[in-house]
Amino acid sequence: MTHVLEVSSLKKYFGGVKAVDGVSFTVEEGEILGLIGPNGCGKSTLFNCILGQLTPTEGEVKLDGRVVTGLYPAQLNRLGVSRTFQLLQVFPNLSVRENLILAGQEHKGSMIGRLFGARDAGLTAEADRMIAFFKLEHLADQKAGGLSYGQQKLLDAAMAFMAGPRLVLLDEPAGGVNLTMLANLKERLQIINRELGATFVVIEHNMDFVMSLCSRVVVMAEGKILAEGPPSAIRNDPAVIEAYLGH
Amino acid sequence: MIRRLDASLLILLVAFPILWLLPSGLKSYGLYVVSLWLVMSIAAMGLNLTLGYAGLTSLAQGAFLGIGAYATAILTTKAGWPLPAAFLASSALSFAVGVLLGFPALRVKHHYLAFVTLAFTVVVFLVARNEQWLTGGVFGIANIPRPVLFGSDLGAALPFYRLLLCVTLVLALAMWWLLKSPWGRAFLALRENAVRAASLGVDIRAYTLLAFAIGSAYGGAAGSLYAPLVEFIDPAPFALSASFVLLLTVVAGGAGSFFGPFVGAFFSYMLPELLRATGGWYLIIYAAVVLLIVMISPTGLLGLIERWRDHRSQAKAAAARAAAAPTLGAASGETDSLGKGATQ
Amino acid sequence: ADPVKLIDVIELSGPGAPAGTNWKNGVDLAVKEINAKGGILGRPIAVTHYDSQTNPGATRAAVQRAVDEDAYVVLGPIFSGPISASMQITQRAGVPQIVGGEASAFTKQGNPYIFRTSLNQADAMPKLANYLRDEVKAKSVAVVWVNNDFGKGGRDAMIPELQKRGIQVAADIATESGQADFAADAIKVKNANADAVFVYLNEEESARFLRAARQQAIAKPVIGETTLLGAKVIELAGEAANGVKGHVGLLVDAPKPGFAAFGKTYQDAYGFTSDHNGIKGYTAVYTVKTITERVGKFDREAFAKTLHGARIDVAQEPGILIDTKWLENGDVDRESFLVEVTDGKPVVKATLPMINP
Amino acid sequence: MDQPILTLSGVVAGYGQMTILNGTAFSVPRGSITTVIGPNGAGKSTVFKTIFGLLPAREGQILFDSRDITNRKPRALLEAGICYIPQGRNIFPELSVRHNIELGAVAAGRGITDMPQRIEAALDRFPVLRQKADQQASTLSGGQQKQLEIVRGLLLDPKLILIDEPSIGLSPAMVAETFQILLEQRARGVSVLMIEQNARSALAMSDYGLVLELGQTRMFDSAAAILSDPRVGQLFLGGSLEKTVAP
Amino acid sequence: MDQFLQLVVAGLATGAIYALAAIGFTLVWQTSQTINFAQGEFVMLPAILVLVGTHAGLPVWAAFAVASIAFVLLFGFGFKRFLVEPMQRHGVLPLAIATMALSVLVKEAAKNGFSAEAQPFPSLVPDGMLSLWGAALSARDLAIFVVAVVAIVGLQLFITRTRTGRTMQATAQNPTVARILGIPVERMILLTFLINAMLALVASYLVSPVYLAKFSNGESIGLAAFIAAIVGGFNQIRGALAGGFLIGLIDNLTAAYVSSAYRTAVPLVVLVVVILVKPEGLLGRKEERTV
């Protein structure tokens, strides 16, 4: 059986800094995988290498068994991989709704088709559903740059869902998000996961969120994989407690 | 940003008959000036796409104006092509060159990109000046014919103006269509946050090249009309300063707003004519006006409308916020709980 | 009486601004004098100046406007790009246009309404080539020219003349208009080791080149045409101008009483010495006056017809400053001067006759 | 009972046409840790910006130590003893980590002579920062950047700390460490006003809790009382999250 | 070989001028993200102001003094206060356009208010000649060279080694955070604009005796300086020196060995290649991490 995502001995060095230092793991279809680890252990760098934002120093990334190392982010996205960012990344001068439409439009049809097709590519309704879900209604026509931190974080997440992706890589989606909204977000992830079979990889420091959401957790430390297993095992792994959770 | 485009279409369609009829009383000088305004508006429209929408700083629009003008001049005088054919060829040539010039934009941004395009402009200018066998060098190309379409001579000032008006309308409609399509939004995404756009599947490379190429094609189209308008070209009007003025035109008019180029071109190309009576002072007045515009509204003159719209939608959102019901009982009152806290 | 309208379309900004400003001042001076004496045929002159921006498109607009405003005669511009862009308009409208250009091309097109105020480069260069052969006895020459219509035209006219006389072109150096740094050009000239250097640049560039040449210790004679020997160049180059020789068409220091008087009036009015463009503008207005008076009425077509082949002598109209003849194509013919700069002053060494007196 | 260290009364502030704070009022008890919670977009960060003079208060009054500090410049507030550690990413990306930290001392008065020692002590506390002291700050991971900001903010020995969601992007161990630092500050008599979405842990270590919604104080009480209030739990602390956490 | 050396020396002398003007670009960019397209005019104007003074009958020293003070007030303080300050928060482009308009304004005002013609300008440095490896060098060239190198090295040290210098950098990189930390942002920015104006002043007085005082002189100097700044890496003071020298050198060597007709283009094309290979400029730092 092929894995949705397979990372083999991936390395990324910045000069002397070994941000990612030989990481291998696989992600199975329909799984929600947690990725945790101390600050600076290389989680975001790993994401950036997988997604073509950075070129790995060494190693390989496979999507559905096909090597995708070296592809551009946009190409990967068209293959059904989308992501969120740890630092806020929205289109600040576009309205919230336009942000969302944009997030969905590049997946339908050809470029020429988009030039002559419908102006919103049929996405306004979908965007409005997202807006309602994340309780951003009164801000739908506001510029995204004027949203509060948590609201931007939510918008970022919403954008990742607009295209109906197969694989979503979320980089700290919970940071700054209100707990109640976070509970909703988690439910949403679970629904998408269950009903559409989408696969998730989640970087998060919020342990409640990770442990209750993920079926499996990978722990990184200093660029390497430290442990891997179901949440309950990870929670009690002494190495993980030592390196990450603290006492 | 995109919403506003519907109103733009309406304005465009209303403006057309007015512009068709209005200048008929003008003498040839007046017609020449409005014609020049139309032509430069087309060039500015192109730059507005590249710069205003896609956020790619280009100092090459003057060069594309030149490429279009020379291509048309050479094709109509030396090869004897009719103007419409030369027009299409010039625009296509500019499009192709624009694609090539877009490649550096994939690698460098902002002032570095400005520099690369600046170098391109200098090279184009020098080729026009030095390659006398092709371009007539410093002596230029004279007697560029005005068109004869369907057997009627459009060489006189008024018919030629109306021809320009029609071409401008068609190009403006095409631009309108482009901007309201998903492409328009993708161009904005380039400008706003290319990293995010790429992760959403926006093909940064393709759209960057297209933004350059389409913008350049408009520049070339404008040049192709400029040549028969002036009936003579030499390298001077396509020097670096022309690109600077076009940049200024777009920003002062309102980069990223549909009619910005038209308003900007009014200031850059018509206002100086209106100020001729002031003798040597018009450039000072012109510069002062531009300075004032960007100081009062850094987003350009039409940016003011944008700002006003922002205000309105903000006010609306504020009202919605004010009307929102608190989820937690408001009745318990701030002073109440506050008093509790303070005295605890 | 109803004033007669002259419209002056001239380089008041862009690279041509210094030349255009001189021309404009000359025009204003002449208009003032003529109006003070009762105008042309009893009508005062009303002159309007429009900036050509040294840009063909803008010039065309301005000339178009001049025609719309019913100009009797259009004066200017000076640069040949702007001239080429605007001459069809005056031709179409039948308005005479008196320009300051020296490039040879535009009087070759059979346009009956275009007239010069100074010698055609093509006529000046043979005189200078003779001078190089006979007086300087140069076997090889380094040519330094400015790469615009003026400089290129001069160079294109000069090189064949040199070759005809068996003089070798040891270096052929193009420079930019507005160029500030001439060190590399001077070094190249020096290393070319020619017997003489022919410099065909605009005013300040001439001065800068002379300074750079001095810094590089170029000992060979530096030869030029009109601009190089202009008052401005001498003022700017200072010591470095001494010893420069050449051929001059119009010069306030030329041994003609009219020039001296004009030079003084101009200096008093504007605070600096006029260059040849000031003289061109000044004589252009007097040409309009004299020819109109010959015609006896304000008739553009008759004006143009009369000016072709006309000759105006200083004896008859002092404002023309030097006897001038117009040829059938609009070119002029007149005496010119061989000049050498000594102690910061242009000194006329010889006066060359008209080509076809 | 002591005077509150900070009192807001009837504060009105916002962005352009958007009025966010509409008569906001509350007091912060001296020498304690007060945690502000509320949904995303409630105006929590806006309150901080207004207190710290980054956003003008159109109406109302802000008292610090019984002195009126409404609309004072940040510099003056720093000198008065308030420090502000904002939300999100707030570093000088091209300067080295050490230089970034040093800039936290710009507003130090002449009397302070032990600044070098304080900086050393801070670097001891966060070994990662010492290790990367001479690197460009932009190369730090998200969590490391936050650590830098906290260190920098505390250099001046403030009397009141305004800290906006410190836990975003920090690993659990780091969150604990940060909270520990705040507790130590309290022990020294420093007052802390903190915004947190990681509200359960934050309230657990706080003395008071303040619920802000739609720019208004909805509730102010002891932290324990807020934590145990069922309505608050349901509405703002992700009551449903709680349910799914325990497996 | 002899010719080559002469060209190199002359190229470095010219390059020093470009470098001197280019520091202004990097300096104001570093602290306030301002691209000053009027920089060339800043170098042109002080000389004109001096001449206005002497024409008005002031003794030469007084003309220099009055011109210097007026210029620094107007284009150091005034420029910052009335143009940069209100527009800074709207991003790079509007301000760049405003400086473009300013450059036209200054240029045309100098032309209309003073003269369209070039004027000789008194030299502050004696007129002597030196010989360097057999190449001719004027005392003035040497002075420009020394001033440029000293100014750039000094500023570089100031910016990177002193607390004030770092405070200036911090202001540039993140003015909001700088303000939060109590950095006197306005004063820092003002400081750079004053330094910038003074550098322009010095450049003007050194350059004008050679290039002559003329309203349009700023065009070529400004452009060359802009290019030098970019090639050197816009965010590096010392890059301005490297960029300036490089352009001076390539320009001279092109004029002599490649093509005088394409003289202006060759350095540009060479440098475009440099930029495309190393997009952050010769000595520039990499742009910060974005994701």
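In this document, chain identifiers A, B, C, D and E correspond to the written order of the chains, with residue numbering beginning at 1 in each.
Basically, a contact is a pair of C-beta atoms (placed from the backbone, for glycine too) under 8 Å apart; a residue touches a chain by one contact, two chains touch by 3 or more.
Keep in mind it's a predicted model, so treat the numbers as computed, not measured.
Student: Starting at subunit B, find the fewest moves between touching chains needed to arrive at subunit C.
Tutor: 1
Student: Using mean Cα positions as chain centres, tell me which chain lies farthest from subunit D.
Tutor: Of all chains, C has its centre farthest from that of subunit D.
Student: Report which interface contains more C-beta contacts, comparing D-E against A-B.
Tutor: If we tally the contacting C-beta pairs, A-B comes out ahead.
Student: Compute the centre of every chain as the mean of its C-alpha atoms, then state which one is farthest from the centre of subunit E.
Tutor: Centre of mass proxy via C-alpha means gives A as farthest from subunit E.
Student: From the C-alpha centre of subunit C to that of subunit E, how far is it in Å?
Tutor: Each chain's C-alpha centroid was found; their separation is 36 Å.
Student: Hey, how far is the Cα centre of subunit A from the one of subunit D, in Å?
Tutor: Centre separation, subunit A to subunit D: 28 Å.
Student: Could you work out how far the Cα centre of subunit A sits from that of subunit C, in whole Å?
Tutor: Spacing between the chain centres: roughly 73 Å.
Student: Quick one: report the Å distance separating subunit B from subunit E, using the average Cα coordinate of each chain.
Tutor: Distance between chain centres: 31 Å.
Student: Would you give the residues of subunit D that are in contact with at least 2 other chains, written as numbers and ranges?
Tutor: Counting only residues that touch two or more other chains, subunit D contributes 15, 18, 39, 139, 235.
Student: In subunit E, what residues contact two or more other chains?
Tutor: 108, 111, 261, 264, 291, in rising order.
Student: Where in subunit B do residues touch two or more other chains at once?
Tutor: Touching at least two other chains: 129-130, 195, 280, 283, 310, 314, 317, 321, 324.
Student: Could you pull out which subunit D residues touch subunit E in their complex?
Tutor: Residues in contact with subunit E: 52, 54, 74-75, 78-79, 84, 86, 90-95, 99, 102-104, 106-107, 136, 138-139, 152.
Student: Could you list, by residue number, the parts of subunit E that touch subunit D in their complex?
Tutor: For subunit E paired with subunit D, touching residues are 163, 166-167, 169-170, 173-174, 176-184, 235, 285, 288-289.
Student: Tell me, which parts of subunit A touch subunit D in their complex?
Tutor: Result: residues 14, 17, 36-41, 44, 86-88, 135, 139, 146-151, 153-154, 172, 175-183, 186-187, 205-209, 211-212, 231-232, 244-246 of subunit A touch subunit D.
Student: Using the touch rule from the top, collect the residues of subunit B that touch subunit D in their complex.
Tutor: By the definition above, subunit B touches subunit D via 310-312, 314-315, 317-318, 321-322, 324, 326-330, 332, 334-335, 337-338, 340-344.
Student: Which stretch or stretches of subunit C touch subunit E in the complex?
Tutor: Those in contact with subunit E are residues 12-13, 15, 17-18, 20-21, 147, 173-176, 178-181, 183-185, 187-188, 191, 203-204, 207-208, 211, 215-217, 232, 235-236, 238, 272.
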